[in-house]
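Attaching a single structure in structure tokens format; questions to follow.
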Amino acid sequence: MLIVWFFAAQALPPYQLPGPIKVGDKLAWLVATPAGLWHVAASIFHVAAAMLASFVLGFFVALLPLYLPVAVIMVDGRFTPFVNSFPGIGWTMLAIVWLGIGTNTVVFSVTIILLPFMIINLREGVRALDRELMEMAGSFSRSRARAFRLIILPSLFPFMFSAMRVSFGVSWKVTLTAELLGGTTGLGYLMNVARQELDTAQIFAVMLLIVLLVYAINRLLFDTAQRHLQLGRVGAAS
Amino acid sequence: MTDSVRHSAPGGAPLIDFRAVAVRLGEVTIFSNLSLSIASGEFVCLLGPSGCGKSTMLRLIGGLIDPVEGAITVAGKSPHQAWDSISYVFQSPRLVPWRNARDNAALGLELRNPAVPKSERQARAAELLRLMGLGNDMEKFPLMLSGGERQRVAIARALAVDPAIVLMDEPFSALDPETRRRMRADMVELWRTARKTVVFVTHDVDEAIELADRIVVFSAKPTRILDTIALGEQRPRNIDEMPSLRATRARLHDMFRSQQINLSGETVR
Amino acid sequence: MTARARRSGWLGQHAAAEGLVMLAVLGWWWMSNSLSAMVLPSPVSVLKRTFDLFVDPELSRHALVTFLRVAGSVFISLVVGLALALLARRAQWIDAIVRDRILVALNALPSVGWAILALIWFKASTLSVMFVQVMILLPFAVTNFMEGLRNLDAEVVEMAHSFTRRRRAVFAKITLPMMLPYGVAALRTSYGICWKIALVAELFGAQSGLGQLMLRAQAAADATTVLATCFAIVVLFAAGQKLVIDPIARAMRADLHQP
């Protein structure tokens, strides 16, 4: 594949298809110089902050109907479909007006874009809560806090995990867009600069880096965590 | 539909007392004017066709639902105050998949009384699991246990909180006949040493005869108490070898036949 | 729960839900009073502008173009996705390439990246917009169809082979109908995702469409149009779902149950 790319790049002007060597140079700049790393770190920060914020918010929204049954339609019929179909770019554009260009705008818009993914996964978990287990907990204790800590929370773990995993995949893509339109740092910002300078090699390098990053983090963090989660369920002895 | 006879416990103040209780679930009235009392230390079996309201009785005692009429007292208090002297064994074991056998057996105690230190919780759970014959399976997770073993863990979990009353809702009905027979024998053994008050739901006539001090027999809906039968025979009981028990068995079967019901709840044509 | 309790619960739930919506709109209206229209326009003007987007011929052109592009991209990605999934079944090595290379890369590549590249490669045109959309949708379509083929009931296929050796007949009479539920699932997913990225795809690579409209409005500090565009998308998405996707899904299911 690399070889095909190499020769195709020879035949086309570099702004249409840069060669692998040029892209490699740019990639090295991204991961081995302080200036490049700064942007990589900024993007990682944006992703992490937005994921944390949307998780906390989503957790609250998803559990609300459990303790306040009157809120079921409010959450499942109004709020979630609305945030789910409201275009992500719209949030970014509005955030630019409200918060100005910068980190706040990026984190805010990515948080809201991730919110429906968190809610949908966690709601699934809340719906799957085992009524029999809840009744069992109720027969031993009238403390809602203890039932929450010992039964509900552990039951939700797999769903929290998949909420995180799904949102993580989405978060990189939308962070890039948000940074491109409303950021002053990060890989998306670099892409915007590259776009204006027709620096296609830079664009390739950023996309390649993101593919690698997402793949690596998925493998190192999520796959490992998932193995632990499954081990815990079935028992280490098997 | 009214139940004028008072089905009282033999002697002493009753530990559990139902006075003219009526219950409505959805639009349906399950009981009306039901009276029953159970003495401390008694092993009572509730026997009746499916859907007659046996599980509902247990939920009433445990304070998980409320009657629309009448009064229920447990140890002189309302079920809502007495809930912490009761523990449940359900039809399915209801173990949490993320804890091993010992931690599952300790879960009830952890839910009920967080003041008990972890080491003591674990020790009590382990002791009861040993008593239930699971001394070598404490580290196993529910998925690796057989159905009978899981139900034993659930019984250990219920006993670990040291309740005055144990409510058991068809705890053995999901097990195969052989395991079931063994669990029954173990149950008798356990009850002899622990001396709890047990309310045990079943729709198996032989199970009730083997276990109970007293059998309360329910009709199909509209539910009322058909009869209560006291059994004084020594345990372990072997029905086929004891004429008096054989007579009780025949009497119970007759009773259901004359009511035109079988124990799975369908009306016999 | 009694039927009445459930009904009143239902009423209460709707009261709470509608209450929240009203409260949100009221809060918006109240805040817009003290803020300039450039920062937060009033709900009334946004509603009017959203309405214009569908009736004003100059503006509704953009909405129509965006809708048609979404429909076209969903269709193309379903066809190409099915073709790729069928191709992957031919040989182990094609399956490996599709699964471990094409899908992994397509899944990870961000839509903005595609949008910029498409602009460079195809200039600003409908072609470039649809290219971006198809690239993003393709992995979802392929995954769904591959899943469907993997779960294909081998016994039924074997039964079909016992009656005929014509591959085309088996494909048309057995394989395709059994794939229908997966096709519907692919359609649903692709449709939802395509709307999510429709604006991004149009941002750089188009001369028309709601994305362009929004970008121009943003440049002109016209927050009313930005918000109206967002709501137009919400409306279009819901309308397409209710009027096109749901009926198709129902028809497919009905189809399956016919003797």
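Letters are used for the chains, namely A, B and C, taken in the order the chains are written, and counting of residues starts over at 1 for each.
One rule holds for everything that comes next: contacts are C-beta pairs under 8 Å (C-beta built on N, C-alpha and C of every residue); 3 or more make two chains touch, one makes a residue touch a chain.
All values reported here derive from a predicted model rather than from experimental measurement.
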Using only alpha carbons, which chain's centroid is the nearest to the whole structure's centroid? A
Taking CA centroids for every chain, report which one is farthest away from subunit A. B
A-C against A-B, pair bridged by the larger set of C-beta contacts: A-C
As a quick test, compute the distance in whole Å between the mean CA positions of subunit B and subunit C. 54
Can you compute the centre-to-centre distance for subunit A and subunit C, using the mean CA position of each chain? Integer Å is fine. 20
Starting from the mean Cα coordinates of subunit A and subunit B, work out the distance between those two points in Å. 50
So in the complex, the part of subunit A that touches subunit B is made up of which residues? 130, 132-133, 135-143, 146-147, 150-151, 154-155, 157, 232-235, 237-238
In the complex, subunit C residues that touch subunit A: 9, 12-17, 20-21, 38-40, 104-105, 107-113, 116-117, 119-121, 195-196, 198-200, 203-204, 211, 214, 218, 221, 223, 226-227, 229-230, 233-234, 237-238
List of subunit B residues in touch with subunit A within their complex: 62, 64, 83, 86-88, 90, 92, 94, 96-98, 100, 107-108, 110-112, 114, 139-141, 143-144, 161
Residue set of subunit A touching subunit C in the complex reads 15-16, 69-74, 77-79, 81-82, 85-90, 93-94, 96-98, 169, 172-173, 176-177, 180-181, 188, 191, 194-195, 198, 200, 203, 206-207, 210-211, 214-215
